[in-house]
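By letter and in written order, the chains are A, B, C, D and E; residue numbering begins at 1 in each of them.
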Amino acid sequence: MSMSLSNPNVKQTIPAMPGTWTLMVFALTLGAGMLMTPYDPTQADFLNRLATPSALHWFGTDHLGRDIATRVLYGSFWSLGLSLGVVSIGAAIGTIVGLVAAQNGRWVDMILMRTTDSFFAFPELISAVTIAGLFGPSTMNLVLALIVVSWMKFARLVRSLAISVVQQDYILQARLNGLPAWRVLWQHNLPNILPGVFVLWTNSWSRTILAISGLSFLGFGVQPPNAEWGAMLLDGKAYLLTAPHIMIFPGLAVLFAVLTINLTGDRWRDRLADNI
Amino acid sequence: ENRAPKELVIAAPFGPKSSVPDPRARQNGWLSNRAGVSETLIGLGYDMSMQPRLALSYENLSQTQWKIALREGVKFHDGSVLTAADVKDSFAKLDAEGHPAYNPRLSKLLGLKSITVEDTHTLIFETETPNSAFLWTLTEPSAAVMKDGYDDYPLIGTGPFVFEKAVTEKTYVSRGFADYWGGAPKLDRLVIDAIPDGAVAALALKSSDVHLVSNYPEADFAKLEEDQAGQRFAASTTRLFFYQPRMDGGPLANDALRQAVSLGLDRDTIVAASLAGVGGDVANSMFPANMTSWVNPHLMLPYDPAQAKALLDDAGIVDNDGNGIRELDGADVVLKLRTYEGRAALRPTLEISQAMLQQIGIGAEISIGEFGANNDALAAGEIDMHLQAWGTAPQGDPDYFPSTLVATGASYNIAGYSNPDLDALLEQGRSLFKTEERQPIYAKVQDIVNQDLPIIPLFHKTQVSVGNGKVIGYQIHPAETYLASPELDLAE
Amino acid sequence: MLSLNGLSACIGRQTVLEDVGFTLSNGQCLAVVGGSGAGKSTLLRLILGLRKPAVPVAGHLCFDGHDYALSKASSGKPMGIAYVPQSPAHGFDPLRRLRWQWQQLQRLLGKHAAGGEVLDALGLPVLAKAFPHEWSRGMQQRLLVAMALLEQPKMLILDEPTSALDPLIAAQVLTEVQRVAQECDIAVMMVTHDLALAAQFADQIAILHQGHMVQTGPAQQVLTAPSCDYAAELVAHRYWQQENPESLAAE
Amino acid sequence: MLNIAKLSVSAAGRTLLHEVSFSVAASEMLCVIGESGAGKSTLLKGLMGLMPCRYERFEHRSSAEESAFATTSGLGLPACRYVMQDPLAALNPKRSLGQSICESLYTQKLPAPEQRNRALSALEAVELPVEFYDRLPKEVSLGQAQRACLARALVAEPELIIFDEPLSALDALVQKKIALKMDQLRREIGITYIVVTHDLGFAAAYADRILLLRNGRMETFQDKGDFFANPASAYASDLVGAAQTLGALNRMEAAE
Amino acid sequence: MNALLTRLGGLVTVLFGISFITFAVTHFAPGDKALAIAQARYPGEMGFDAEILEGIRDEFHLDRPFISQYLHWLVDFLTGDFGRSYSSHSKVWDIFAGNLEETFSLAITALTLGLAAAFLLAGLAVWRKGSLIDRFAILLASVGAAIPSFWLSILLILLFSAHLGWLPAYGTGTLAQLVLPTVTLAFWVMSSQTRLLRSFLLEAYDQPFVETLRLRSVSEREIFFSHVLRHALSPALTMIGLDLAGLIEGAVIVEIIFARSGLGSLLAGSVLARDLPVVVFLVMFFALTYVLINTVIDLVQTFTDPRHLAGERNAV
């Protein structure tokens, strides 16, 4: 989004966000880990099945003898990356739709919001399960399904936030001053609703991580041998009583990732609310 | 007496398909048979031999005629006495479209021309064509003898347990039938709960929510075995894990590729990894080694990756673009493998296969679906192989499995395989009545299947169950046809 | 009643108030005048204890016999001061009907029926089911004053209570304020830009200029003898409208 | 320039303003006066199309623009600026004063530095130091915010500016300077003003015409001279008289 | 009144939109519907004669163009004919009705408990902002929102069923069996709402008039309950409405793991089995419920927020 840099409000706030560094360090660690691990995340090693954590295999190995630590690292690509992509696309679409609807009122609002509502009526997991199930479980179907159902949340929140802003005198002023609608959106509405959108964005990101891993856990999501965390949890379920480490580490990875994102999101919110 | 009612709760991987599952329709019979609600004329012993059940004796009058004498004093759950007319009635419903018992599949399998009632306890069944598997087919749970149900008794069978209620995919409840011909059952109630997730079932056993888990997760069983803990039951079964490849199109229509797939699968490792060493025998043909009367002992399905690679190279299926995956007709060979939930060993088997195929340069994408949907997907060419687990001889007869899966036009021959020689052999096998005569025919059938590979056998699984230590009178049936018996009991 | 010593405050790098002090006794009215941005509102808010944690403040306040060190947030807020904020947005909950907000105050004070005559005196209509945004700004401002009067506080702090009112109504409002103040012996402190009004209603006038209290004294004295250039200029321009625009432009 | 007959404005199903007629010529100043709650702000909101309104006749400089207004959904008069009564509400709390002022120049498609320069000189015109360019509304006093609003309107140098009590939060010195600035612009570029005010002195000094509202109805509409010399209604003469006693119109006292 | 009519008009549009999307998705899903119907009718058979399939295509209008099929389906749906399940041949409505109660009771108890906890926690957190309580609330909510519910379910079963033996690990019917699934879901509701509520409350506290209320010595209680809560309620209500989707999703996962009967596990099973009539009906049902509830919330908001009203009029 090159546009975001041309908006001074956004530009000013991004470097100031606490947690950005945490996230970067986090990303670097993951990257370095992936580069340094001697194992292949999908290469089975049948002699080494269900090994408990040791110096060689920090998190142990799974039922096919794959190194769990490596898989957790690579799993971040699926769990974090995929969901980030899905949510960001959804957020962009939804924000635009919501702003346009709020700004224009009447018919545009009507049509956009009814479309949003129509799509919105399908809960993510339901539609993902349905699409993935009916069209055959595959990662691509999963991603499409999630994108199709991820933008409405933003559209609705943004609209409801923007409507309360739209009634403010300064928006009227701006429009009276002849600013075109998109500029009013960009300069007046967006900065005001950004904190809310940020909360939702981080919130949705973490929710999507959970959704993807949940879907994988149910068998509808990322398909083996890809090391998605939810899929790894599914692997581990059969060994719950005998080799609990298979289920512990990916579970902790999900928890830790989602927790980090949520907390960072909260701090961003606080900062944004103070700053803009 | 004032003792507390004895209720046994069993966790099973599958549940009833509807709230009043007539045993004769669809696959419903398995559950009601296991639950002791419905009974067939002829039973299948724990050694897979025929046993008298509702029928006391059965006699071959001619190639197409069978005389069956009913047991006396058998009562239906509603108290009425079983007569030959009831039996005739019950079988007639198989053809009545719209009746809950409607079962065209079984009807076709039986191939009945007529049923004649000789006297109250004697019947004569006449088939259209000579069918040596006829009596075996009568052992199938769907061939149950039932009376039409009504409000109080939705399902009226003759077994030791009376159907009480069923919740779709969830639970099947029955209560003891004091007037059972084989003596009053020791249990008052029997509940079979569907817990598809083996891990949850194991937990449920641990928390004493269930008394017995009929399909215990293998990995956990191995651990119990190691610790010598728990009330363990294990028995080898005829259940075969196999791949059904798509033959009428797609890469696997190529014979060399199919052979290579079979050669590239290390069945020993699969058994060790997916069954967690609990038990299971590498399959050398579709029948397990313990089915001594029918298995062809000379067959082998070896693991030989070198030969697999050579075979592929010879067939021109080589990796030209250097991405580690061979190409066929210019496209990477990436097989879509699919299986379903419900049997713990399926998924790991699929994953291991994927890893192994990778090593001979064949790519694989794997996913989990549902049995019926997977069949559709296979038929539609959405997937290339369907990993399944079937009892190869639910009725003890060798005809059933090949006739259902690999004969031309067979109902589950979804992959589109057709071999006239095989069809002729099966035809011949059905018309012969002596085991010695039939043996060479089925040995040949197994041989052809191993060569053509319309199914790729992997292993026969040992069935494991675990009880809470108080389960009495439970025994695993090799075809998993029976479970509840009057002797089944719960210690105080 | 109230005495303030050495009040200083900085916002950012800017010193908004420096060494401001005065005393005000019961029944008296102090008018704070000064340029826009001189720090008048800040002064009022600091007295009321409405300070942001990031703003360093020094000074000492004595109100109604209690001492408050303004530099410490922990020293509490003076109690019993009614406040009319400069902008009505600071005074009303936009989601509540005006009548409800009025009644809430009545409930709080335990005067369930009182206040009608105050509304009358300020020329306000009956509080129907209107929401704040449905009232004109002048009406909102007067209602805020009415609410402050209803409270019958020990002291009244008004931030430009008449800025949205025409002179007639402004006089009417301030007359009512004066009446109540004298009746109940209330000290009044008010910010205004209108020196004429200040002269008419205030006993004391304080002139604030860029954070400094440049002159304090009885109203008449300030008007007749401004003590510094700024004060003089302010006083001189109090009827600026009547200077001839053309001649002014030529200056 | 602007000629309106029988304009009525309503809200919440109630008519707040009944049939007001007035006109203003180019580079004139029309002052709208009246007691608090008389409907002055409502009139302006109606003019700007912020409230639903009806009218009998409406003439702006060209008739093409009439139809633009007649749709009522198009927000108000073209090529004009409106300064609202509550400065804080009219400024986006998330944008600096400078940004708000520049926004007024948007339609003129000036390069950014030029915009900034003009905004800075507008700030100067309303007596605000340059550092206020980067301040947020919550960091300035109300009077300063009001001045920023004025700057925002003035910077665009439009044909018509509508002010709602523009000087209410300002002290006399600043009021005077801004009033002069406004007057200067009126003379130099011919801006037309409609000003709502409660300051009769201001009206007496600067207005060309005076519209007096009372209880949502038009009381009088007269030239300034007429209005002060012989008010057309009893209420108007009361008002003038009262203002005189209060000293707002007394030149002699001011000269003391 | 006018607004209400517009809303209802919009609602109808949305319902059509939903039905269209649902039908389109299932329509374009791979698989031969005629074959599936045949298999449902003649259980156990796999292959069928072309005639039979033709007959079925004709009967179910499967050979018509998409729009025509959609209209046929819509008319059937509106007249209450939801078809029969492919896999059991029972009426879809009966299957649905048999499962509704389980999901309903689960969702309602979880929602009530979760929201009550969320309001309590967020209220406490805001009341003592920055204190230990606040931090604890944030931490609890954050951790709660971060735990995958399927993982939590399994951990709960491990602890309360397998180890302590207090509660049943699976199943439907008794109250005890409702406890663990409800707790799992309610915990999720609580976590997801607490953080949002807290931020809405803080925003509401930030409004300038709150300061003045405090000066008037209005009690904190009254400020909270009469003013701040109102301001926070409107966005909170929106979010709660939105999160209903999460509740439905949670119910699906929880029902599957706890081997409960209910609409969620029914949906998952039907999707896997490609039992289209059931899938279509369930998806429609979830969608309709969701839309209706959100419409009600919207209406409530429109009629309680004066600025909304003003906005609608001003936008003339």
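In this section, contacts are C-beta pairs under 8 Å (C-beta built on N, C-alpha and C of every residue); 3 or more make two chains touch, one makes a residue touch a chain.
The shown structure was predicted, so the numbers you read here are calculated from the model rather than taken from an experiment.
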item	value
Partner chains shared by chain A and chain B (touch criterion as defined above)	E
Contact-graph distance - origin chain B, target chain D	2
Result of counting contacting C-beta pairs for B-E and A-E, higher pair	A-E
Geometric centre distance via CA averages, chain E-chain B, whole Å	39
Gap in Å, rounded to a whole number, between the CA centres of chain D and chain A	49
Rounded Å distance between chain C and chain D, as computed from the means of their C-alpha atoms	26
Chain centre separation (chain C, chain E; CA means) in Å	53
Residues of chain D whose C-beta touches two or more other chains	11-12, 50, 86, 89
Multi-chain contact residues (two or more partners), chain A	133, 136, 237, 240
Chain B residues counted as touching two or more neighbouring chains	197, 199, 203, 206, 341, 369, 377, 382
Complex interface listing, chain D residues touching chain C	11-12, 33-37, 39-42, 85-86, 88-89, 139-144, 146-147, 165, 168-176, 179-180, 183-184, 198-202, 204-206, 239, 242-243, 246-251, 253-254
In the complex, chain A residues that touch chain D	8-9, 168-180, 183, 187-188, 191-192, 276
Of chain B, residues touching chain E in the complex	17-19, 25-27, 97, 102-106, 167-171, 193-197, 199-201, 203-204, 206-209, 340-341, 369-370, 372-373, 375-377, 380, 382, 409, 411-414
List of chain C residues in touch with chain E within their complex	48, 50, 79, 81-83, 85, 87, 89-96, 104-105, 108, 131, 133-134, 147, 151
Chain D - residues contacting chain A, complex	48, 50, 75-76, 80-82, 84, 86, 89-95, 99-100, 103-104, 106-107, 152, 156
